[in-house]
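Two complexes follow with subunit A in common, the first pairing it with subunit B and the second with subunit C.
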Partner chain A sequence: MTPALYVLEKALDAATLRQRVIAHNVANVNTPGFKRSDVSFEEKLARALGVEPGVELYRTHPGHLPAGGLELTPEVVPDNSTTMRQDGNNVDIDREMVDLVQNSLNFNFAVQQLNGRLAMLRYVINEGRR
Partner chain B sequence: MELLPALAISASGLTAERLRLDIIANNLANINTTRTPRGGPYRRQVPVFAEKLQEALKPAGAQFKGAGVEVAAIVEDNTPPRRVYDPSHPDAGPDGYVALPNINVVNEMVDMITATRAYEANVTVLNAAKAMTLKALEIGR
Partner chain C sequence: MLLAPTSLLTPAPLQEIGRSTAQQNTAAPAESFGALLKEKLNEISALQQQADVLTQEYLAGRVEDVHEVMLALEQANLSLQLAVQVRNKVVEAYQEISRMQF
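This part shows the complex of A and B:
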């Protein structure tokens, strides 16, 4: 699989997982003592793509794969640092709604990109057949 | 990773908030009830929400075990009943005071608004998940 398809697949995975996490946070908006969770993916992606410097092994050639390959599994991170209300619940509904919109857009973006890639493949295959 | 669990999670939120609304409606309807099967005035009821987790982890990609919310119990509010002087009431005690339910309309209205808003938020999340599922069906078309 080409790296682009791999990254897009992982992005879709992450968006799906985040959707579940947001749904869980919103469903528990009135549960005493509940702590919200977050999904970390974009930071990992930025690091894997070399946009953001991370700790990584020295490579003798830029074309070499980084150590460990592209490790892009989204991760659920509980957020225990804040408290919104007297009962210990820290779900901020405004934030969840903004995250929700952002996540939907990310998902749509990834699907659109994926479709573009697939259309390109299809085009190449069809043209080669002539 | 699949999107359908997200729908189920939002549905659990909708169920819980609707149950809360039902209980609030019941409290308000019984605001003047002085007779219950157990005797004594009606007591305000409160739902207890609890985070719901998946019992068993599924093998693949199940690092997140959140499964929404559930109503763990419906408990009675233990604050003492409201006492009103009304000797003509059939349920008045020898001192002329009637014990009325420990319900405060303002509390109930505020709870009602939070329940409605939380319900709406869950609907929003549900719609987003639905749109995402439909979008996923377009992959490769």
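This part shows the complex of A and C:
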């Protein structure tokens, strides 16, 4: 599988997970002491693309897992550093709505890109005939 | 430029055809058809790679414009379709010639 298809698949995973995390945040907008979460994917991808090279650990065995390498699984990151209200809750509903819109745009983008690439592959396999 | 590969297929003006073929018979051709084909295939490959790079950059949050990425993919898609159709025509022509009876 080409890197672009792999990255698009991971991006769809990330968008799905982020949708669930945002829904979770919105559902707990009035829960005292609740801390919102976020999904980290873009930073991981940027690091994997090599423009922001992370520190790579030396590996003495090929079976060892890479630390900060080409691992692209999206992760849920809780945001414990802020507080919005007196009860310790830090969900900002406006921000969640903006994140939601951005996330659905990214999801649609990834679906369309994936469709376009698969259509190209299908076209070549069919030799231009339907 | 969008759809640069088609520019080669633009027909030459009629009055120049006789002259240019006469000139080509005397002078050696600038480049062979094989070299031209290879160059155009490399261009298609470059378009595909550019689309891949732009997609990854967008997903990493470094390219802001969605339309740029969509256009790059569409350009790669169209040039690939053109290449496949040209290949089909070439194979068709070859088969037509090999079926000829003398």
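Keep this in mind: the second predicted complex is superposed on the first by the 113 of 130 C-alpha atoms of A that agree within 3 Å, B and C clash if a C-alpha of one lies under 4 Å from a C-alpha of the other, contacts with A are read in each partner's own complex, and residues count from 1 in each chain.
Following the convention adopted for this analysis, a residue touches a chain if its C-beta (ideal position, glycine included) is under 8 Å from a C-beta of that chain, and two chains touch if they have at least 3 such contacts.
On a predicted model such as this, the values are computed, not experimentally measured, just so you know.
Partners subunit B and subunit C fit side by side in the overlay (superposition on subunit A).
After overlaying the two complexes on the shared chain, residue contacts for A:Met120 are found with subunit C alone; subunit B is out of touch. Touch counts on subunit A: comparing subunit C and subunit B, the chain ahead is B.
When both complexes are overlaid on chain A, the residue A:Ser37 reaches subunit B alone and has no touch with subunit C. Once chain A of one complex is fitted onto chain A of the other, the partner contacts of A:Ala46 are limited to subunit C, with no touch recorded for subunit B.
In the superposition on chain A, A:Val7 contacts subunit C only, with no contact to subunit B.
In the superposition on chain A, A:Val98 makes contact with neither subunit B nor subunit C.
When the two structures are aligned on the shared chain, A:Val77 is found in touch with neither subunit B nor subunit C. Here subunit B and subunit C sit at a least CA-CA distance of 15 Å once the structures share a frame through chain A.
Those residues of subunit B that touch subunit A in the complex are listed here as 1-3, 5-6, 9-10, 12-13, 16-17, 20, 49-51, 61, 63-64, 66-69, 114-115, 117-118, 121-122, 124-126, 128-129, 131-132, 135-136, 138-141. Every residue of subunit A that touches subunit C in the complex is listed here, in rising order: 2-4, 7-8, 11, 42, 45-46, 49, 51, 105-106, 109-110, 112-113, 116-117, 119-120, 123-124, 127-128. Residue ranges on subunit A touching subunit B, taken from their complex, read 12-13, 15-17, 19-24, 26-32, 34, 37, 75-76, 93, 96-97, 100-101, 103-104, 107-108, 111, 114-115, 118. Contact residues of subunit C toward subunit A in the complex are 51-52, 55-62, 66, 69-70, 73-74, 76-77, 80-81, 84-85, 87-88.
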